[in-house]
Amino acid sequence: MDAKERIARRVALEVEEGTLVNLGIGLPSLVANYLPADVHVYFQAENGVIGLGARPPEGMEDRDLTDAGGGFVTAVPGAASIDSAMSFGLIRGGHLDMTVLGGLQVDERGYLANWMVPGKMVPGMGGAMDLVQGARKVVVAMVHAAKGSPKIVPECTLPLTAMRRVSLIVTEMCVIEPTEAGLVLRELAEGVSVEDVRAVTSAALILEGEPKVMPLA
Amino acid sequence: MKTAITPARAAEMIPDGASLLIGGFMGVGTPNRLIDALVAVGRKDLTVIANDTAKPGVGIGKLISAGAVSHVVASHIGLNPETQAKMISGELTVELVPQGTLVERIRAGGVGLGGVLTPTGVGTPVEEGKDKIEIDGTTYLLERPIKADFALIAAKQCDYVGNLEYTLTAHNFNPVMALAGRKVIAEPDHILPIGAIPPDAVKTPGVLVHYILERKH
Amino acid sequence: MDAKERIARRVALEVEEGTLVNLGIGLPSLVANYLPADVHVYFQAENGVIGLGARPPEGMEDRDLTDAGGGFVTAVPGAASIDSAMSFGLIRGGHLDMTVLGGLQVDERGYLANWMVPGKMVPGMGGAMDLVQGARKVVVAMVHAAKGSPKIVPECTLPLTAMRRVSLIVTEMCVIEPTEAGLVLRELAEGVSVEDVRAVTSAALILEGEPKVMPLA
Amino acid sequence: MKTAITPARAAEMIPDGASLLIGGFMGVGTPNRLIDALVAVGRKDLTVIANDTAKPGVGIGKLISAGAVSHVVASHIGLNPETQAKMISGELTVELVPQGTLVERIRAGGVGLGGVLTPTGVGTPVEEGKDKIEIDGTTYLLERPIKADFALIAAKQCDYVGNLEYTLTAHNFNPVMALAGRKVIAEPDHILPIGAIPPDAVKTPGVLVHYILERKH
């Protein structure tokens, strides 16, 4: 199982029945593949549909039904079309139960940077700032380190996405919960030690008892 | 009763240097025939306010490629390398706005509010140069309303008085932009007689629409 | 012809083809009866319909289609249902071409007071403040004086409805246009002299040439 | 899937002293069965936020007559003499809010904005005690967001997941209030299977609705 699948499988366990969930593009979008069969959620795409479904059958694609990346999708029975004002009203207003986003850096305060690297091409923040600001639960799903260089750092050096403590960080190595006191190491992937994590993490990590084994059900 | 105009007539009404609100999200729900007409007449120095600049050859991307645009206000330009290249070369300037802030700024312009008080962007580069207001212990950015000379709106269908319907993820910014253009030009896929769109199905009342693009030949 | 009919007939001449018009309850609502046959407008009721029509035929009333006073109405072909946010978005955003309201006092600045008399029952301002603030053209339609006591005064003593100069005052005696310089007496009803008006008006009136005869077509 | 509850169960969930957003305009588009249930259980000390208090014996007027309400936030109470009498006797307090300001304050509460900047009310008694902000030469009042413990919403119909449709002038405050209740109870006239309301017809997405009032017996 590769790193991304492991992360997606672990994040899928955070998704609760009957909730409204927004998955970012890339790694976060894989989470939909690993939801337990008995968990029914509505996926929101910020471009305007609640009840986003899988790719349509070949030849059934409609140019007016896409995800936020412009890819063809379906809508599940009970779906609702919404405009951008309603879409971000739901996000900013606390009606979105959970968002899963990628990360460039997360720091000891639990602050996330995931939208720009100064000096590089600036793609724009799109909906990321509103999502991190407004979602009830923000899960950062990312590979633990960038070629050995830590991404979980004492304080973000990249521009922040929002001044809001994210709810959970899930990597292929571990699960970390940002708290008032700092970053608490909650779970370790099978075969990974606390020292392994510390070797690729520059932020201080807090241990509250023994970390559990990261489930991947 | 509204007047049906040709794409060429619409492009003629829009002068060089005009500001345009253009509906769409990565080319979905975008008024393509209006864009093609603007490219055909060689418009220059346009300000385009839109969620994104799509991709080269798609929707607003065509205006970028044609060199018709000198200023972009958008939440995301990352999928159009031409926009990025022209920004770096100084051929156009870009104001990046969080997506939820962008839609509320346009709404505020359209409904006569003095601004938007949003928590999104506080503590990030978005706050630079903006007033911050603390209300009941939370800090908000004061974001300014947006209006434009024209709003170019894509709709699924309209009736002879300009009542508009949208579909699925082709709603996006269109209903809000229809409030904030000094002149509103709608490009519907279908034009129906009065009464064919029942009152409850209308999402943009015809009183907001100044011109309807004639049927596609 | 009684005073109210004379006022309503004169105001009807102010209504322009193809516009969106809101008529207040009472005297202003009579204006709809005197529109020239070739003038087609959309009447807005602030409770949520654009394209308000006359009373429905006996037995055809629907409990979900009423005017702002709760009385049964119809909707014309091409009507649109809107919610209160859109309704007041249109009003505040400058999309309402004209409103006709009753008045308790209007002063030399052109400011209107029409919603409360201190010490009396306070009904609430309803939509009046937004209408006066936001409509492009505000016409005050009122009987000239209250039992001989002036209602057109140097400065309103009653609480204002908005700090916005109204566009026109129409009474059974005359038509007055509030301007930067003050109240200009534009028209006199047949048989009414300037002195007759001054006798029941405590505000200063400006004469720019001879007032015209007030038309009632 | 939402839970269908009886009116009695709904009334049981709403404690004495709760704040309620209640849809409707002079009794049109008002959740009448919910109101009857609150009267039946003898609720006290409720705060009611609504456009108006209708008339004695109609809609919210029944709550007023029953002595269930200690505080009213409304734009208009003039057609209900009982509300006025109880206000004068001190049995309840009333905050009068311009109608367009009221709907925007509720929307701001629902979509996570810090307040509303409106020109409506400047220079009138409405501005008392409020911050004024000047933006580009225009003065705006800073009006606070409104949320409530419950939103009681009347709808034409809903599906099993709570997607709501409204009709004609029965929209009014309902769609906006559905954003701003901590718990949202919908009272539809009809309850349809999933899929019977197409995505484009949905005006309040089911994710906002917590409970559906069971069918009328």
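In order of appearance the chains are A, B, C and D, and numbering begins at 1 in each one.
In this section, a residue touches a chain if its C-beta (ideal position, glycine included) is under 8 Å from a C-beta of that chain, and two chains touch if they have at least 3 such contacts.
Since the model is a prediction, treat every value here as computed from it, not as a measurement.
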item	value
Contact-richer chain pair (by C-beta pairs counted) among A-B and B-C	A-B
Between chain B and chain A, distance of the C-alpha-averaged centres to the nearest whole Å	29
Chain B and chain D, separation of their C-alpha mean positions in angstrom	32
Chain A-chain C separation of Cα centroids, rounded to whole Å	55
Distance between the centres, which are taken as Cα means, of chain C and chain B, whole angstrom	35
Two or more partner chains touched - positions in chain D	104, 107, 111-113, 118-119, 166-168, 199-200
Chain C, residues touching no fewer than two other chains	49, 75, 81-82, 85, 88, 92, 134
Which chain pairs touch, all of them	A-B, A-D, B-C, B-D, C-D
Residues on chain D engaged by chain B in the complex (per definition of touch)	104, 108, 111-119, 133, 135, 138, 140, 142, 144, 165-168, 199-201
Of all residues in chain B, those that touch chain A in their complex	25-29, 51-52, 54-55, 74-79, 81, 84, 96, 98-101, 103-104, 107, 118-126, 156, 166-176, 203
Residue ranges of chain D touching chain A (in the complex, touch as defined)	1, 107, 110-113, 159-161, 163, 179, 194-195, 199-200, 202, 205-208
Of all residues in chain C, those that touch chain B in their complex	18, 20, 42, 49-51, 75, 77-82, 85-86, 88-90, 92-95, 134
Interface residues, chain C side, partner chain D - complex	45-49, 62-70, 75, 81-85, 88, 91-92, 111, 116, 121-130, 133-134, 159-163
